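First chain A sits with chain B, and in the next complex the same chain sits with chain C.
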Partner chain A sequence: MKASHKKTGRGIALYAVMILVAVIMFAPIVWIFSGGFKTLTEFTTSAKIIPEKMTLENYIYIFTQSKIGLYVRNTLLLIVGNTVGTLLSSSLVAYALARLEFRGKNVIFSIIVATMMIPNIALIIPQYIMFGKIGWLDSLLPMIVPSFFAYPYNVFLLRQYFRSIPKELDEAAIMDGCSKFQVFSRIIVPISKPTFVTIGILSSVFWWNELTQPVFYINSDKWRTLTIALMTSYMYTSGNAFVINWPSIMAASSLMIIPPMILYLTAGKHLEGGIKTSGLKG
Partner chain B sequence: MKGTKKKFQIAYVFCLPWLIGFVCFTLFPIGFMIYNSLTNRKLTGTSSFVGLANYRNMFRSKVFWNSLRVTLFYTIVMLVITTVWALVLAILLNNKIKLNGLFQFFYFLPSVVPTVALAYAFRTMFGKDGGLLNGILGNLSGKNVTINWLMDPKTVYLAVFFVTLFTYNTGQMMLIFRSGIADVPKDLYEAVELDGAGSWTKFWHITLPMISPLVLFNAVNGAISALNGSFALLYPLSGENGDPKGMTQVLSLLIYKEAFSNMKVGYACALSVVLFVIAALFGIAIFAISKKTVYYET
Partner chain C sequence: MTAKKRRSNGRRTREAYGFILPGVLYMLVVVGYPIVYNFILSFKDTSVRNLATGTSKFIGFQNYIELFHNPTFILVLKNTFVFTIGSLIFQFTIGYLLALFFYKKFTLSGPIRGLMLIPYMMPMAVTGLLGQNLFLNSGLINNLLSKVGIAGPAWLTSTSTAMIAVVIMNCWVGIPFNMLLLISGMSNISEDVYEASAIDGAGRMQQFWKITMPLMKDSILAVLMLGFIYTFRAFDLMFIMTAGGPLNSTDVLGTYSYMLSFTQYQFSKGSAVAIVLFLCLLLIGILYLLLLRKDDKEEEA
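Up next is the complex of A and B:
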């Protein structure tokens, strides 16, 4: 009896801690959604979560006055371009590394593992100069074209998966007269669909959130992504370039949270699994 | 003989995309970065060779040394704090209770929210007027609290490191720890339960030793993510000057400022070389550790 009392006591304490942590972790998200419905005056003077004077003006502003469609389009171009590019190129390389025998294979694999460790930010200035020389600045090209030349990270993930496919399948196909490329396209690719989906999800989340590269490469309104629009288009009130229009930023932010949220609710296991394996890298 | 030769060629064709990408977008930029760090290249116009002048200026610059210190401090503290927090979240979620899935949703979702949106949320939550934190503290104390958390040198680190608990990296580590903890064999716990061990003893003597390779691996991996991700978090949070007083000006912010505000691209390249070397050192560390603790198939 006493023991079970102790147990319920601990259970309540555990729930209390877990709820407290949940409140802390979710506070910024609640804050963003609440801020989107506030007026500028209320936002800068009151910290109440439920707005005293609910307003839709921020959302109306975003959908009628701003080029939200353009920003969404640019962001989607990055997502689609990168996903298609990296899947096409990385899977070819991963296939060679997982299945074919050739000289220099281990050297190539070691280089791929080593380059995964280089943070993008360290090479972004020389890349910036380079893309400037070929006239690619202020466009999406510096952020899409490289994906067609295999991201080391994805080569690594795909290679791991390809290695888990039984070799007998390849051999049977070769007996039937398939070329190496046909083995790749008809056997390996269809079986590896789950990993392709995982990489697609990871790449979508990454480019939906990516700020650094657009900050360096994009100048004009025409190529702004949603993240850049948040720092520029939605930043200032139309009347005064020195007053930050926080409610408009919050409203735009809340819209940017919805897609990852839907992704989590519909493909949560896939998303979590992908993020986990990409972190373990093996 | 002829057949094997042909097979070799096909493999290289498969590797071609990577080779081109590696040469154009990694190898060449590395060389180009080193070359440009020896010139006085501006954002526009011509440039000339200046030898090691950029490096001499850099090593004499107080701003550089401050930035280097901030980078190492930020990277290491973020690493420790986020690793511990991820472990705490994973342990909480490991309790098999009702609504566990709901809790996981609350704990994990912030890590897939765009960093810039998070940064702006915290800039206002930690803001002086109408900030959430000041509002809560005001209600609790009954006084009017007006601390500008992110701009006050006394509180800025507290605020910034709190924000790092919400990043992608923390969520990723949480998921890794969670499956690591779930994989610990149950009979290990049963054995010490017979000796009357409490949860704390079980965690300290079984869970932690069992997942220690993951902790180590995550920590070093997190260092690289911190170096890389610092820009996306700190640029919207504290600006290119790393306010207040450069206290948050990590190298990536300084590189951006030198290249785009001061237009000293050659100098920014010299700074990039330093950042590259730091990343390489962390990279070597992770490689050495993972060779020992994580099983790699080659």
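Up next is the complex of A and C:
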């Protein structure tokens, strides 16, 4: 009797701690969404979650005064370019590594895995100088073109998946007179659709969020992505160059959080698996 | 080997090389050339003065020697480790406790798990700005602290608290991810093991230490290693939240390398810092592989 009392007591305490943790995890997100509907004065003077004076001025500014369409277009160009590029090229490389026999295969695979360890910052200075020489700075090209040459993480993911497909399928197709490329395009690719979707979603979210590379490569307003715009175009809109317009940032942030959230909620199961196998973002 | 077979081998190899061509080009052009270039750059004295004229000279290990004699660099190196290890300890411990809780299915556990991933999914640019805002002197956190009678510090403008604020923000992002990976590790352990041990009289604590921990060893190792590799190369969060300040107190190798190269235009120094970062990661990666291999051998034996 006593023991079971102790148990429920501990259970309640555990729940209380968990609720506290959940509040801490969610409160900042609620803060962002509520902040977007506040005026600058209210935002800086009160910590209320529900705004006293609900305003749409921040959203009206974003949609009518700023070049939001341009920023969305640039971000979408990065997403589409990279997703198409990496799926095309990474799947070809992954197929060769998973299915074909050729000299140097293990060495190439090891190098591909090893390149995942190289931090971006150790590559970006030379890349910056290199892209500068061919006149690609201040454009989206340095961020899109490389994806057409495969991407180690995705090669790794696809190779693991391809290896799980029974080899008998390939062999039967080759008996029927298919070439290696036909085996790839007619059998392997259609079967691997779920993995393609996962990589597509992960790549889209990555480029929706990406900041480092646009910071390095983009100077002019015309190629700004949403992440850059968040730090520049929506920061000092209060009319005073020294006052950060937090509500404007919160409104823009709310808009930036929603698309990855929707993607997650619609493709949640796919994505959880993808995150687990691919490791971390980046 | 007959001539015919050799020829068909050759054709098969050529075909395979066609498939891997993009991968090889990636390694040569996008990674290989830049990393070699970066190594060379770190042994030269390239800066904005001689980049265009191409008159930079080789100066051997001079950049590295200067770095390790520079108190700022030593501070940055220390910061990187403090940031990484601090983040790992808290995000792992809290992530683990949450995983123990959320691993069991109960009402709403699915949606809550999904919502908990938002901090992980959202742009670091948003997280950084959010952190800057929450930790303002008159921001939400100090506001809440004052309600319980604590006078909060000037988080981001004081050299002694800025790192704490950055670590807290980074944990906020990392906790859901740790939780998710650990849940997947836990669900691989069969319920039967627990039931059998309960019949043998094992208590909850004993089960945790004798069953959960040993069987989770691989997942834990993977989570910590991936976490280390990702956290050690952090850039975005500090870049936005504190810009490495105040007085370099939140500068890490990533941001310091950026600052040397792109605000002071000392490209060679920036490259040398990037190489130090790379070598640290390489060391950790090799360590991880050795640990994995040792495990494999033990299992074989």
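Throughout what follows, the second predicted complex is superposed on the first by the 268 of 282 C-alpha atoms of A that agree within 3 Å, B and C clash if a C-alpha of one lies under 4 Å from a C-alpha of the other, contacts with A are read in each partner's own complex, and residues count from 1 in each chain.
Note that in this section a contact is a pair of C-beta atoms (placed from the backbone, for glycine too) under 8 Å apart; a residue touches a chain by one contact, two chains touch by 3 or more.
Small disclaimer: the values here were computed from a predicted structure and weren't measured.
Is the arrangement of chain B and chain C around the shared chain A a clash or a fit after superposition?
In the arrangement built by aligning on chain A, the partners chain C and chain B clash.
Does the superposition put A:S253 against chain B (first), chain C (second), both, or neither?
Both chain B and chain C are touched by A:S253.
Check the residue A:R163 against both partner chains and state whether it touches chain B (first), chain C (second), both, or neither.
first
In the overlay, answer first, second, both or neither for which of chain B and chain C A:R103 touches.
The answer is both, since A:R103 touches chain B and chain C.
Looking at chain A, does chain B or chain C touch a larger number of its residues?
Of chain B and chain C, more residues of chain A lie in contact with B.
Considering only touches as defined above, state whether A:A172 meets chain B (first), chain C (second), both or neither.
In the superposition, A:A172 touches no partner, neither chain B nor chain C.
Going by the contact rule set out at the top, does A:I262 touch chain B (first), chain C (second), both, or neither?
A:I262 contacts neither chain B nor chain C.
On chain A, what residues does chain B touch that chain C touches as well?
Common to the two interfaces on chain A: residues 14, 18, 21-22, 25-26, 28-29, 31-32, 35, 44, 47, 89-90, 92-93, 95-97, 100-103, 105, 108, 111-112, 114-115, 117-127, 129-130, 146, 148-150, 152, 155, 180, 184, 205, 208-209, 211-212, 215-216, 227, 230-231, 246, 249-250, 253, 256-257, 260-261, 264-265, 268, 272, 275-276, 279-282.
Show which residues of chain C lie in contact with chain A when the two form their complex.
That would be residues 12-13, 15-17, 19-20, 22-27, 29-31, 33-35, 37-38, 41, 51, 94, 98, 101, 112, 114-126, 129-130, 133-134, 138, 140, 143-144, 172, 175-177, 180-181, 184, 226-227, 229-230, 233, 235-236, 239-240, 253-254, 257-258, 261-262, 267, 270-271, 274-275, 277-278, 281-282, 285 of chain C.
Per the contact definition, I'd like the list of chain A residues that touch chain C in the complex.
Counting only chain A, the residues touching chain C are 14, 18, 21-22, 25-26, 28-29, 31-32, 35, 44, 47, 89-90, 92-93, 95-97, 100-103, 105, 108, 111-112, 114-115, 117-127, 129-130, 146, 148-152, 155, 180, 184, 205, 208-209, 211-212, 215-216, 227, 230-231, 246, 249-250, 253, 256-257, 260-261, 264-265, 268, 272, 275-276, 279-282.
Please give the residue numbers of chain A that touch chain B in the complex, ascending.
That would be residues 11, 14-15, 17-18, 21-22, 25-29, 31-32, 35, 42-48, 88-90, 92-93, 95-97, 100-103, 105-106, 108-109, 111-115, 117-130, 146, 148-150, 152, 155, 160, 163, 180-181, 184, 205, 208-212, 215-216, 226-227, 230-231, 246, 249-250, 253, 256-257, 260-261, 263-265, 268, 271-272, 275-276, 278-282 of chain A.
Over in the complex, which chain B residues touch chain A? Could you list them?
It is residues 7-8, 10-12, 14-15, 17-18, 20-22, 24-26, 28-30, 32-33, 36, 41, 88-89, 92, 95, 97, 103, 105-110, 112-118, 120-122, 124-125, 129-132, 134-136, 165-166, 168, 171-173, 175-176, 179, 217-218, 221, 224, 227-228, 230-232, 235-236, 252, 255-256, 259, 265, 268-269, 272, 275-276, 279-280, 282-283, 286-287, 294-298 of chain B that touch chain A.
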